[in-house]
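Next come two complexes built around chain A: one with chain B, the other with chain C.
Moving on to the complex of A and B:
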């Protein structure tokens, strides 16, 4: 069954395949050029679990969806990860949420350390009551010359908790294992039900720095299921907010990367410029992170012509400023010496592990939801894709720089010709027993929300996927053979979300 | 003098860096406030540490103080001076470093172990350079005492041995950056345990101990500056106040210059630091050769 971004479908129309065929179809389609964009389970009435696979065909702008049933008395299937590395994290998530064993999974560990959703015996005994890390095995290299360095979950800086376990030979990192889950809040369970006011608020809290991206994805799911078409002006304002969010984060990241290599001028300038974009979001929505703007049915704050002109005037100034400061950063030999060749991932590996967002585009993977699966305002106003070929820290910095410039051009274009009309229509009730999906290119990459409704039109299952879910493994891979002292820089160049991963 | 001025020296560097970052920056007296605050605090000790960990801050501070007695300030001769005091100076610094490294290892933390191994490795190279420079200076001045080497005869030496001294000064400046963990070798303002060298070794020190460590580090930077200034500004008016003023101006100049270097470039990758130190050694070595050749 092929779907486009923002589509909805009656649940019973999604094909159900036999477990073996399901597995073979995923693997064969991924060999033909598709990629796994989502993979999750949903409990059925009889106690079994229906597994859904979403495969993205970037060039056709289509998403194939099919499913299989895992019976209650036989909670296992043959692991995909053996033949499809992209499925690694997804299968661990399914195993943890539904206590289903992917047989032959090479590294079956809990992701978030919570009890499963079905109230059955967990695959790992006491998974939710034992502290992380401690009781679960980490990949270890045994040799008297190899030493292990554990960082976190409490860090020296003000960042989110995560545990990083390095296997080092001298200064060289042989392997890095990342253990997250400290921020698990049970968001997918909280999103269930019919309280859409609450779910819109929750969606803004999935990842604090991607409030706009996740709330747009959530709104699109609700709008798709209710058949609500929002006014063009609301779509344009959402696009403005999403690009402002991207600008503030990309500029902030470039500043943080300068700070990590000890280059102070651009670190300070970019830090200040990030504030400029946040202030624009504040002017637009009343919140520096864009909370409270997007609600199912449209947006809550209008942009009048005076405000649009003011934004354009300011953005032109910011563009000039950004070009000057980024030239300073990208022409400094000592900075380039630190950026180039550090934390490189080959295009082939990036494809295998399914990198998305700027990290993927830095490896020349042409993946950008705004282009591949354009929805909302991006159907009318296009933005070019920004790619780099090196896949290293420099590539990730360069992609950010290009995206900032292109987002600014995009914003200047749409702000000078905003559509007229209303900004909100009240969405009708949701279709029962249906599934809707929404993809949004957040600043970190592909955000995907899938909502499945019950017979009353409330959410029976809500699946959230932050781009970090794909990319954390990329960070581990990027660190192989690197110096341990380059880890902070590598980490910053990915800048992944802990809470977006932990949900 | 050292105790009074060394935190100020640090404050100036921070202020210069802030200026180039487009910020106002903390007051130049901020390091004094930090030290005053730390001296009022209690120390926290890990159960895994031994007496070495507790002794280290005192040893570090005491050796730096002892060194300060042997370094001349501008036209003033050092309070303690004798033939061969350069060795004592070098090895007192060595003692301070040894205790810092051992204390870092004593904590058993993997970060501090990494910091200690980096420090030990880089100091091997920088120590070599320091001695190379000392040898050259000894040959120039025909005296094996710091006060003699960088004292009265320097103005004359600049005329005769200009190229040699120039090489010595540039090599010594790199050593200052490396020994005192400034950019491009180490980043004193980072909070990232995995990249730090000096800062990571003193992670477990707290309160008064940390104050001694920081004070010792500030004094060390000041002392290295104190060796460099008389070579750079060999002006002796014979007037006490004037000479002090010249010295202070020279020190300020060095602080501002270090600030400029730190603002103007990014930190090196850790595996390239050795190249920088080898450059410093090469400069010192050429200085030595030029001295021999000019005879």
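Moving on to the complex of A and C:
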């Protein structure tokens, strides 16, 4: 079954395959050029679990979806990961959420350390009763010459919690295992039901630095299921907010990367400039992170011509400033020496593990939802893709630099020709027993939300995927063979979300 | 200086039901009218519950604590299950715009060097132990600050079995900073009041 971004479908129309065929089809489609954009379970009335696979065909702007049934009394299937590395994290998530064993998975450990959703015996008996990592050891390289370094969960700065376990030979990192789950707050379960006012608020708290991106994805799921077409002006305002969010984060990241190579001038400049974009979001939405703007049916705040002019005037100034400061950063040999060749990932490996967003584009992977699966305002106004070829810290910095300039050009263009008309329509009730999906290019990459309704049109299942879910493994891979002292820089160059991952 | 759409201290009309600043998320569609006043912090949990337009803002620590910390306060930040927006706007205090260290307040990398901790997020099950260990590792006397709706009451996550109902259910709290997230000015105002450096 082929779907486009923002589509919905009656659940019974999604093909159900035998378990073995399901597995083979995922693998063969990935060999033919698709990639795994989502893979998750949903409990059925008989206690079994229906597994859904979503395969993205970026060039065709289509997503194929099909499913299989895992029986309640036989909760296992042959793991995909041994033949398809990009399934690694997804299979661990399914195992943890539904107590289903992917047989032959090479590293079957809990992702977030919580009890499963079915109330069955967990695969790991003490997964929710002991502090992370429980009784599950880290990957260890055994040799008297190898030492281990453990960092976290509480870190030295103001950062979210996570645990990093390095296997080192001298200064060189042989392996890094990343253990997350500390931010797990049971979000997907809270999203169930039919209180859409509440689910909109929760969607803004999936990852606060991506409040706009995730809330757009949520709104599009509700709007798809209710057949609600929002006014063009609301779409344009969402696009403005999404790009402001991207700008604040990209600029902030360039500042953080400057700080980590000890280049303080641009660290201070970018740090302040990041605030300029947050303050524009504040002026637009009353909240520095854009919380409160997007609601199913449109947006709650309008942009009148005076505000649009004011924003354009400011953005022109910010653009000039950004060009000057980024020239300062990108022309310093001492900075380039620290950026180039550090934490590189080959295009081939990036593809294998399924990198998305700027981290993927830095490896020349042409993946950008705004272009590949354009919906909303992106159907009418385009942004060129920004790519780099080196896959290293430099590449990730360069992609951000290009994207900042392109987002600014885009904003200047649409703010000077905003559509006229209303900004909100009340969405009708949601279709029962259906599934809808939405993809949004957040500043970290591909966000995907999938909502499945029950017979009353409330959410029976809500699946959230932050781009970090794909990319955390990329950070591990980037650290192989690197100096351990380069970890902070590598980490900032990805700047992944803990809470968006942990849900 | 804050734009007109900014949502600060709520305005209470007439004899409405009490409003808990520690629970609300300052959303534009929650039926509450908001003013532009960014001063929101309180030293007692009950002072966050507004019954009328009377304002009880945070007051200073006692003399002995002020003598110890009034000119130099080192804080350890513990992030415990929120959405990271609270952390982001705490970090902003370190930029050149706010330059927190000029007030003698600094974030430190070890609980052993800290006079207190500032906690964000609803203290989820998986962070409870790390939070308690941090608390225990700080030397006495110590200050505890809850920043954001999540840390004060569990916020949006209060109903999740994974979350707590607020930091005060785990350790005693000296300062509550409401918001979702609190604006950097709200945080700064709260900290300076706690140290007795703003009185009005």
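In the analysis below, the second predicted complex is superposed on the first by the 502 of 503 C-alpha atoms of A that agree within 3 Å, B and C clash if a C-alpha of one lies under 4 Å from a C-alpha of the other, contacts with A are read in each partner's own complex, and residues count from 1 in each chain.
Simple rule for what comes next: a residue touches a chain if its C-beta (ideal position, glycine included) is under 8 Å from a C-beta of that chain, and two chains touch if they have at least 3 such contacts.
Remember, it's a predicted structure, so these values are computed and weren't measured experimentally.
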item	value
When chain B and chain C are modelled together on chain A, clash or fit	fit
Which superposed partner A:425 touches (first chain B, second chain C, both, neither)	neither
Touching partner for A:272 - first (chain B), second (chain C), both, neither	both
Touched partner set for A:209, first chain B, second chain C, both or neither	second
Partner chain in contact with A:7 - chain B first, chain C second, else both or neither	neither
Which superposed partner A:147 touches (first chain B, second chain C, both, neither)	first
Partner chain(s) touched by A:157 [first = chain B, second = chain C, both, neither]	both
Partner chain in contact with A:264 - chain B first, chain C second, else both or neither	first
Contacts of A:497 with chain B and chain C, given as first, second, both or neither	second
Where the C-alpha centre of chain A sits as vertex, the angle toward chain B and chain C in the overlay (nearest 10 degrees)	60
Partner chain(s) touched by A:487 [first = chain B, second = chain C, both, neither]	first
Chain touching more of chain A, residue-wise (chain B, chain C)	C
Shortest CA-CA distance in Å separating chain B from chain C in the superposed model	5
Footprint overlap on chain A, where chain B in one structure and chain C in the other make contact	156-157, 268, 272
Residues of chain B defined as touching chain A within the complex	17, 20-23, 110-111, 113-114, 183-184, 187, 189-195, 262-263, 265-272
Contact set on chain A toward chain B in their complex	147-151, 156-157, 171, 258-265, 267-269, 272, 332, 334-335, 337-338, 342, 483-488
Residue ranges of chain C in contact with chain A within the complex	2-3, 5-7, 25-29, 34, 76-92, 94-97, 107, 109-110, 121-122, 124-130, 134, 155-157, 159-163, 180-181, 183
Partner chain C, residues of chain A touching it in the complex	112-114, 128, 131-132, 153-154, 156-161, 181-187, 189-190, 197, 201-202, 204-209, 211, 268, 271-272, 275, 279, 282-289, 291-292, 295, 300-301, 497-499
